Amino acid sequence: MSVIVTATTILLLLIGVAFFLAGSMGLLRFPDVHARLHALTKADNLGLGFITLALLPQAADVWIASKLVMIWLLTMLAAATVSQLIARSALHEEDVKQEPGP
Amino acid sequence: MLLDLAAPDFPWIALSVAIPLFAALIAALSSALAPVVAMIAALLCLGAALWTAVLVTTHGAQEVAVGAWPPPLGIVLRADGLAVAMLITAGLVSIAAFAFARQAFSARTQTPETRSAYSFWPLGLCVLAGVNAAFVSNDLFNLYVALELTTIAAAALVAMSGSRAAFEAAIRYLMFALLGSLFYLLGVVLTYSTHGVLDIRLLAISAESGPSTIAAAALMSAGLMTKMALFPLHAWLPPAHSAAPAPASALLSALVVKPPFVILLRIWFEAMPELVTPTLAQAFGALGACGVLLGSILAMRQERLKLVVAYSTVAQLGYLVLVFPLAGGGGAQQPWAAGAWTGAIFLTLSHALAKGAMFLAAGAFVEARGNDRLDSLVGLAREMPISCFAFGLAAVSLMGLPPSGGFTGKYLLLTSSFASGQWWWGIVLVVGGLLSAVYLFGPLSLMFAREPALAVTPVSRARQSIALLLGLLSILLGLFSEAPYRLLQVDRPGAAAEGFT
Amino acid sequence: MAPAFSALTLFDVVLCVLIIGVALCSSSVRDLFAATVLLIIYGVFVAIAWVRLGAVDVALAEAAIGAGLTGVLLIGAVARLKITESPAAAVSRWQFAAKVIPASLGLLIASGLAYLVLTVEWRETLQAPVLANLPDTGVLNPVTAVLLNYRAYDTLLETSVLFAALIASWCTTHDDLWGERAGLRQHTRRAGILATFGRFLPPIGLIVGIHIFWAGADKWGGAFQAGTIFAAVWILAIMAGVIDAPNATGRSIRSFAVAGPMFFTFVALTGVLAQSFLIIPVMVAKPLTLAIEACLTLSIAATLMLLVLGAPRRSA
Amino acid sequence: MNGSIPFALCGAVLVGIGLYGVMAHDHLLRRLIAFNVTGSGVFLLFGSLSALSSGGATGAVPQALIITGIVVAVASTAFVLALVVRLKEEDVDAPAPGAFEGSSEHDDHAP
C-alpha cells in the first residue's frame, strides 16, 4: 500500500517538475514578455498543481491536505493577477517606446 | 503593594530607559505636548540617575535582572560608577538640548504642525533612551539593539534640517554605522556560539581565549570603533555632526559617540582582559594618537564654526582610547593604571558637557548671524557675551586647562603615561592640547575682537545661558572632582587597576 | 543517527551552492532591478535553509520580512529612482584599490570564519534552561518565550527601533508635503483586476495573519510574522484603492503605530511594583503575553505598511 | 559530517560576499543589497553554529535573536531607502552631476 502511495507521489512530483522545467525554459528562450508570461503561468500553475497533488497522499490529515489545496489556489490567483498586471505594464511600455522612436 | 522608592534594589536604572521611551511614544502622538513631555522625561532621567549615584556610592553597584530572569537566560541591567556617571551626563546634556530646542521645534509657535517640530522630539527622546540603554545594559546582544536604536534616531536628527548636505551626511553616517553594526553583530554571534553566554560578567568568568574569542573581540572592536569615529573610520562624523540643527548636534557629539567607547571599555577591561597584548594596546593608542593629530589639524583648516567643533570631536575621541596602553599595560604601571582609566572617563564626561555647550553656543551664533562662518563671528562678544563666555569655558575644558574637568582627565592620563615610562603618549596629550588651543583660539579671538559686530538677530538671554550652564558644569567637574572620582571607583574593573595580564 | 552522507545532505549542499550563486549574481549583475529580484529569490532560498536548520520561526520571518518586505522596499525605491542601470563607474586611480581592498577583506573574513567553523568547538547551553522554564512563560513555543519573556527587553527595544525608523523616514518628507497622504497617489480602475484582487485577498490575508499570530504562542509564528502579513494586506488594499493611504499627521494612524510599544513599555513599567522591570507574572502569563503580542502585531503592521508607502511625494 | 556544517560555511561565504559588496559598490542601493546579504550571512552562521553544537535544530535563543536582527535590519533598510529616494528628488529639483553615487567625492572605504 505505502509503496503504491510513494510511487504515485514520486510520479506526480516528476510530472510537476517537468512542467516547471518547461516553464523555466520558456521564460529563458521566448522572445517577448507576453510569450514568456504565457509559458510561465501555464507551466507554473500546472507544475504546482501536480506537486500539490503529489503531496496530498503524504498529508497527515484532511486539515493539512486542505491547507495544501488552499495554498495552490492562492498561488494561482496571485499568479493570474500578477501576470495580468505585467502584461498590461508591458503593453504600456511598448506604447511609450513606439512614440519617441527606437 | 506599596512602592518602596527608597529601597536599595528599586529598579531606577530601568526607568532611565523606560521613561524616555514612553515619552518618545507620547511625543509621537501629540506634538503639542512633546516639548513638555521631553523636558519632564529628561528631568526624571537626571533625577533617577542622581539617586542611583547615591545608592551606588553607598551600597555598591546596582543590578536589575529584567523580567526576574537571571543571566545567562535573561538580561541584566547594571549600574556601576561608570554607567551612573554616563547616565547623569546624558540627563544633563539632554535637558540642555531640549531646553534649547523648545523655540525652534515647538508646535505651539508653528501651526499647522511642521515636519521638524513633530519629529525632533520623538527622535531626541529615542536617542536618550538608546544611549541610556547602552550605558546600563550588560548583555552584548541587547547592546546591539540599543546601539541600533541610537544610530537610527541619530541619523534622522542629522537629516532633520532637510538640506541636500544633511541628507548626504545622514546617508554617509548610516553606511558607516551599519557596516560597524554588522562587524559588531558578527563578533557577538561568535561570542555566543563559543561561550554560550552574552552577559559581560559571565563572559569574564567563562572566557578562555581561543581563536574564536580573539576573532569575536576583534570584530566587535572594529564595529565599535566605526561607530565612535576612531581614526581611520572618522570621515563620517564631521559632516554629520555639523549638518544637524544645534540641539541635535549637541546630542550627537556629546552623547551618541560615547556608548561605543563605554562598550569598548567593558569588553576589554571587564569581559576579556586576558586577551590584550602590549602590542595591541599600543596599536589602539596609535590609532587614538592619529585621531588626535589629524582631527586637530583638520579642525584648524575649517572655515565654519560647527565644522571646527565637529573635527574637534574626532580629536577628543582619540584621547579616550589612550586608556588602552596607559591603563592596560603590565604590572610596572600598576599604581597609575587606575588613574589612567579614571582619567579617560573624566575626559569622556567633560567632553560631553563641553561639546554640548559648544554646539549650543554655535546654535545661538547661527540664529544671531544666520550662518556659522568664522568671519561672521567678529566682535560677537559684545553682542552675545553669554554665548561667547560659554564657548570660552567649554574651550578651556577641551584644551585641558585647569581647573576644568578636561584638565583632571588629562592630568590623570599624563601622570600615568610618565610614571609608566610611556612618555610618547604624554607627548601626544601635550601636543593635542596645544593644537586644540590653536584651533579654538581662532574663533575665540574673532569673537573677542575689538571690531564692531555685524548685524545680529537677538537671541534670548535665557537660551544663551543654557550653553553657559553646560560650560560651567564642565569646569565644575574639575573643581569638584572628588565626588565624581569616588563614584567612578565603584566597582571599577580589576583590569583597570592591575593592567591586562 | 543519520548516515554520513544522505540525500538530504546532498540537498543541503545544493541549496547552499544555490544561495551563494544567487548572492553572487545579485552582487554582480549590472541591472539594478535584476539585482533586487535576485535578492528576493535569495531570501526565499535562505528561508528554505532555515527550515532545514529546524528554525521555522526564523524561516517565516526571513520569507516575510527578509525576502518579501525588503524586496518590496527595494523595488519601490528602484521604481521611484527610475533607474535600472548602475551608473558607469568613474575612472580613477583609486578604482583598483577600491575593489582590491574590499575583496581581500571579504576573502579574509570569509576564510577566517570558515576556518573557525571547522576547528572550534561550539557551545549552545541555553536550550535546556529555556525549555525548563517554559511552563512559567505561558506559551509553548520556546522562541516566543524568549522573545516575549526571557529576553522581552530586547523585543521592547526592537519595537522602539521600528518606531524610530518610522519617525526617521517621515523625517524625509518635503516640508510642504507634511500632512499629505503617504506615498504616491494610487490610480486604480475601480473594476480593474488589481481592485478585484485587492477586494478578494484581504479577508484571506487577515485569516492567515490571525492564524500565524495565534499559532505563534504554541507552535510557529508570532507578532512579527503576522504583523508583516497584515501590513501586506493593508498595502494591497491601499494599492487597489479599497482604502485610502494614511497621512502622518492623522491621529488614528499615529495611535496604531504607537499602541504596541506603548502598551509594552507600560507593562514593563508595572514591573517596578515588584522591584523589578518587565515582569510577566506567571499567573497571567498567557493572557498578558497574548495582549502584548496583539498590540505589537497591530503596531508592526501599521509601521511596516507606512515604511513601505514611504513619505508623501508629489505626483510626477 | 554534521548536517549543519554546509550552512555554516555558506554563512561564512555570504558574509565575505556581502562585505565586499558593501565596501566596493558605488551605488547606494547596491550597497544596501550587499548589506542585507551580509546580515543574512551572519544570521545563517549563527543559526547553524547553534544547530551544530546541539546536534539538531537551531536553539530558541539564537532564533529569537535572529528574528530581532532581521527586524532591525529591515528598519534600517527602510530608513536608508527613504533617504536615498529623497536625495534623488533633491537632484531632480536641482541636478548635480555624480551626486547620487554616495562615495564619488569622498573616499570612504579606502583610507
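Order as written gives the chain letters A, B, C and D; numbering starts at 1 within each chain.
Following the convention adopted for this analysis, contacts are C-beta pairs under 8 Å (C-beta built on N, C-alpha and C of every residue); 3 or more make two chains touch, one makes a residue touch a chain.
Predicted, not measured: the structure shown is a model, and the values here were computed from it.
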{"item": "Higher-contact pair (C-beta pairs counted), C-D versus B-C", "value": "C-D"}
{"item": "Whole-Å separation of chain centres (CA-atom averages), chain B against chain C", "value": "31"}
{"item": "Length of the line joining the C-alpha centres of chain C and chain D, rounded to whole Å", "value": "13"}
{"item": "Where chain A and chain C are represented by their mean Cα positions, the distance between them in whole Å", "value": "26"}
{"item": "Set of chain D residues in contact with two or more other chains", "value": "15, 18-19, 22-23, 45, 49-50, 53, 61-62, 65, 68, 72, 75-76, 79, 83-84, 86"}
{"item": "Residue numbers of chain C (touch at least two other chains)", "value": "113, 122-124, 126, 130, 150-151, 154, 158, 161, 164-165, 168, 172, 174"}
{"item": "Contacting chain pairs - touch in the sense defined above", "value": "A-C, B-C, B-D, C-D"}
{"item": "Residue ranges of chain A in contact with chain C within the complex", "value": "74, 77-78, 81, 84-85"}
{"item": "Sites on chain B touched by chain D in the complex", "value": "141, 144-145, 148, 151-152, 155-156, 159, 164, 167-168, 170-172, 174-176, 178-179, 181-182, 185-186, 189, 192-193, 232, 235-236"}
{"item": "In the complex, chain D residues that touch chain B", "value": "15, 18-19, 22-23, 28, 31, 35, 38-39, 42, 45-46, 49-50, 53, 61-62, 65, 68-69, 72, 75-76, 79-80, 83-84, 86-87, 90, 94, 96, 99, 102, 106, 108, 111"}
{"item": "Chain C-facing residues of chain D, complex", "value": "1, 3-27, 29-30, 32-34, 36-37, 40, 43-45, 47-54, 56-68, 70-79, 81-86, 88-89, 98, 100-101, 104, 107, 109-110"}
{"item": "Contact footprint of chain C on chain B as seen in their complex", "value": "1, 3-4, 7, 9-11, 14-15, 18, 21-22, 24-26, 28-29, 64-69, 72-75, 77, 112-116, 118-119, 122-123, 126, 129, 133, 141-142, 145-146, 148-149, 152-153, 155-156, 159-160, 162, 167, 190, 193-197, 210-212, 215"}
